[in-house]
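Two complexes are shown next, each including subunit A; its partner changes from subunit B in the first to subunit C in the second.
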Partner chain A sequence: MNMEQRRKERLDRGIKVRTDSIYALMSVRELAYLTLPRFVLIVGMLVLPLAMPGMYWQRVVSIVCIYAILALSFDFLAHFVGLVSLGGAFFIGVGGYITAILNTSFGMPPLLSVPIAAVAGGLICTVLLLPCLPLRGVYFAIVTLMYPLAMGRIIEALDILGGTDGIMGLESFPNRWVEQYLVIVMVLVFLFGLRRLVNQDIGLVFRAVKDNDQAVKASGMSITFYKAIAVFIASGMGCLGGACLVHIYMWSGISLFALDFSILPIAATVIGGAGTLVGPVLGCFILVPISELLRAFGTLRIVFYSLILVGFIVVRSEGIMVYGQRKYHQFQRWVKV
Partner chain B sequence: MEATMDILIYGLVNSTALALIALGFALVYGISRIPNFAHGALYVITGFFVWSLLRGAGLNYFVSIVLGMVITGIIGALMYQFILIRVRGMAISEIIASYAIGLAILEGLRWWGFKGMSNTLPVFWEGTIMIGDVPIDMQRILVVVIGVAVVAFLWVFTHFTRIGLALRGMAQDERAALMLGIDSDLMALVAMAFGAMLAGLAAVLLLPLGNIVVEKGYNVLIQAIAVCIVGGLGSWMGAVLASFLIGFAQILTTVYLGAHYQMVVALLAIILTLILRPSGLFGRQKELEERV
Partner chain C sequence: MSDEPILQVIEVTKTFGGILALNRVSFDVAEGEILGIIGPNGSGKTTVVNCITGFIRMSSGKVIFQGKDISGKPPHKIADRGLTRTFQIMRPYYSLAAYKNLVIPLFSPRAKRTGGWRGGGKLGDRDTVGIDILEEIGFERDSYVPYKLASTLPTGYLKRLELARCLALKPEVIICDEIFSGLSMSEIASMVPLIERLQMDGITLVMIEHRLRELFRVANRVMVLNFGEKIAEGSPDEVMASEKVKEAYFGSEDVEEVMNHA
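This part shows the complex of A and B:
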């Protein structure tokens, strides 16, 4: 009888030194090994619009990027600050309506109104969410889920901001290449910027807020202050995405507050890998085209991606990116026990 | 004077309806700590089952109601056994998973062609009577009567039967209950099935008042959450009291402001309660868990 038992041993590659961000490189090959994934991502994103067959799929790339920005903000807020916000649609809607008003009533060109909408929208969202910041866990999640729903209903009931018709006749971006590369560059900037940010000192405080807020309090730091900063960053990103979306569609309406914008980024984060920041972007690049391909099936596509989401949460909750990173950075082998 | 009677009577009906909707949600959350975001979907799918048993299979109305509720209960139990049990304790995953299931059910029904105005259930009891000067149909009276009966039944069930006491033990202190030999997963399963059946009961009672439409699933979910948050998550009596608060507030806004505001009331109630007093008006104080 064979009593031999084996276990899987995992070894880090030799270039890794203690922490995640410091490497000891000995050769060009190792340098290439380290830079290749980043290089592929950046170049891939930049040539993507050129590789698309037509206008329709280029538009899809823009939408993917907007969802990716939203998913990045969700991932940052949920896994680095500990605030699980189910209200991505709120950020999108606020940003969208601000830029719509600036564009139609004050005649600002899109390239001016979009950044203003991002900053002003971030401020407005932060102020509105300020009373909820002390809340934790499921309570914060529910309250943020209700914000976009309430906003949509209030606009409908009061008949303000164009009511159910929305605001029409917005200017589009100067040309479609500006539109394409604006969102793509924004995704890349936010992706690498956030990765920097979470490794700075302030990122350390953010993670401390997530892991043990009492300790942060005991160190004499205001939790609410740091949470507010994080919410400002995340909601500013969401508003920027919303503002671009509105200019792409040249229309702003209640559907900006729809649940799609809250659910899809979360699904993308779960599938891509929570807490990696790259994962959500990858998740969006998988989910949004799938839902476009399934557009012919109507609402069946929502069923489809809900089921994918459930499957991932139940079976492989770590997500693709965490799994991939493990495979890429570690050797695995069977050893005898 | 007539307006006051109107508000009183329809407020009472609306409140009982809200209580019926919310009790299932409150029960599941109180016992298993799972915020069941598929509650609205269970509500609509019961209507769908009863409708197809009645119209499609041509069964007796009463039989199809019982069957429909039982099937919904089984769906709730299966949902727990195969999906939610794996994410239990991770609040956010629970929300996302149950919401995704609910979304799948609702949008699946919509895709299958379950929309429009043609799908209705018959009322149990035709006819209208006058209370004072206010006409009211028998179905609404039945809602109130059965609503009160359900609350009373739940109270008796959780205070005097073995399984009900076990459920209440779980709700109060899960560890102590585990030490006394109460199977936590089994109880959560029972609670889930029970909560699903309560959603089904609410559907069977309330759906004859209108059409079966998929959008109701979302509204029911929001209303259930509103009632449970205002009453305090996990508190059953709080949920009943809160449903009266929200029920009358909704009727008052409908009368004085317009029907558009009905959902705004529920949503604002959720947001304000969570900001001001997250454990709800009647919830147990768990300040340290809910906020910094």
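This part shows the complex of A and C:
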């Protein structure tokens, strides 16, 4: 007799008014609901180095942050501008070599050479990528993959920029806390900055280029121009990461063009949740330490790494943050049908 | 000045491989008029629009807009001069809310230059202007409709959104590619006065249509294409009386009868 059926009902929390960009907060609780995750993220990032057991793991945090910057730049380009870029390694390499040259040949201190490398590197990458901007989707991805491979080979074959030995004897950052917190603050700034940017008017144009480039043309705007701006932002971020990396290692070599820098940010984006910006950062904080821990397995490392990746994709293919945000923003309850 | 046509299309030819899609099509559009372009499926109507607005490169011919040659210019430059178009298959930005869709044209150089829309700012002036334009075009301001994602809107609203995108640019000419198709009778009925009002506001319209009865209500002049060639031009009655049109467009059937079914 007891045949009553139940179903799950999902309700949005009532703090948004009409659109995604306007909130109506009625209580401290709702304010906390909105700000707490951001607060936890910021404080968590800032205390992370202090909680690490030793120098080795502090260094890992720095590397994670550089990957996180790359992943942010990938997520921005892929999901807000529609350019799937496999050029992460290229950005890292260009930024790294520029700061290495500025530091060793011109004697600039790292705190000066790094920002110059970011801007100059961004410009160089943008100019070099300009011919591929009309390409879309997988075609753009393949061509951008070519750049880091080509650069590595060119440096090796022509024996320029230190050849296979690389450029050695770079200055490190003034002290290790500067080094540590510089990259952490950069991740936070880029994370919140990009999220703000994509909701500004110019960010809407970027998203429109992804959604429907023909309509953007019909609106009297050059899509190549806006794609170039977006590539400059993303590649500048990548170059900044590369420049920091080089000063952390105090060495710049062709391994900067290694494909790890192109592939890992994408894996992190898939795991963390594409199009959320915070997801890729989270993905890096999961993937890079795992890859470090797996060093114990020696050559089998990549096998376990792949298994973990596959596991994530099978269990949560939408990405952790997409899932998490949905759960966080919605009530769920059982109701009688 | 007003004698000179605002848009002159001179002997435009387009070939796709060996297929002659447009064969030396020429026509003028006078300032402030509504020109209808009709023709059977595959007669080259959309190709003409694509050639004029630069979305495809014409094989030969010339397009003069406001006395200046615009042939071969990229689409965004042409739109920047005020020659705008809607798409037959609607192209909204599906991931954005309807009113946010209008931020993009309002952000364009032309809108910044000509519109007098005060743009930018933290309070989102472009959002406000966007909602104003949407209201003008038939989105109820106080409903949820303008705030909905474009992906959730029905065809009728998406067609209006296409028009709104053109209006945001303060255009001289709007080329409407089948703005009535896919709409219900009542939606069309509410769209017709909108078109008439645009004309009263001084905007020149070129309308490509299959819905002849509604088109003839608003169009001052009609041009007929068949197999990429212009076969007739004139007032709706003149064109429909033409033997060539009857033969090509309606086969050998009686035009009156087809009109009644339209």
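Quick note on the criterion: the second predicted complex is superposed on the first by the 314 of 337 C-alpha atoms of A that agree within 3 Å, B and C clash if a C-alpha of one lies under 4 Å from a C-alpha of the other, contacts with A are read in each partner's own complex, and residues count from 1 in each chain.
Following the convention adopted for this analysis, contacts are C-beta pairs under 8 Å (C-beta built on N, C-alpha and C of every residue); 3 or more make two chains touch, one makes a residue touch a chain.
None of these values were measured; they are calculated from a predicted model.
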**Request:** Judging by the criteria at the top, classify the pair subunit B and subunit C on subunit A as clash or fit.
**Result:** fit
**Request:** Name the contact category of A:R153: first (subunit B only), second (subunit C only), both, or neither.
**Result:** first
**Message:** Going by the contact rule set out at the top, does A:A215 touch subunit B (first), subunit C (second), both, or neither?
**Reply:** second
**Message:** I want to verify one number. Taking the Cα centroids, what angle sits at subunit A between subunit B and subunit C, in steps of 10 degrees?
**Reply:** 80
**Request:** Quick one: classify A:I223 as touching subunit B (first), subunit C (second), both or neither.
**Result:** both
**Asked** More residues of subunit A are touched by which partner: subunit B or subunit C?
**Response** B
**Request:** Could you tell me if A:I263 is touching subunit B, subunit C, both of them or neither one (first, second, both, neither)?
**Result:** first
**Request:** Applying the touch criterion given at the start, work out whether A:V314 contacts subunit B, subunit C, both or neither, answering first, second, both or neither.
**Result:** first
**Message:** I'd like to know which partner A:V84 touches here: subunit B for first, subunit C for second, both or neither.
**Reply:** first
**Asked** For A:I202, is the partner it touches subunit B (first), subunit C (second), both, or none of the two (neither)?
**Response** second
**After superposition on chain A, the shortest CA separation from subunit B to subunit C (Å)** = 10
**Message:** Based on the A-chain superposition described above, do subunit B and subunit C contact any of the same residues on subunit A, and if so which?
**Reply:** 214, 217, 223
**Item:** Residues of subunit B defined as touching subunit A within the complex
**Value:** 35, 83, 86-87, 91-93, 95-97, 99-101, 103-104, 107-108, 110-111, 222, 225, 229, 258, 260-261, 263-264, 267-268, 270-271, 274-275, 278, 289-292
**Of subunit C, residues touching subunit A in the complex** = 53, 55, 74-76, 79-80, 84-85, 87, 91-97, 100-101, 103-111, 119-120, 124, 126, 144, 147, 165-166, 168-169
**For the subunit A and subunit C complex, residues of the former touching the latter** = 18-21, 201-202, 204-205, 207-208, 210-212, 214-223
**Item:** Touching residues on subunit A, where the partner in the complex is subunit B
**Value:** 78, 84, 86, 131-132, 134-139, 141-143, 146-147, 149-150, 153-154, 156-157, 213-214, 217, 223-224, 263, 266-267, 270, 297-300, 302-303, 306-307, 309-310, 313-314, 317
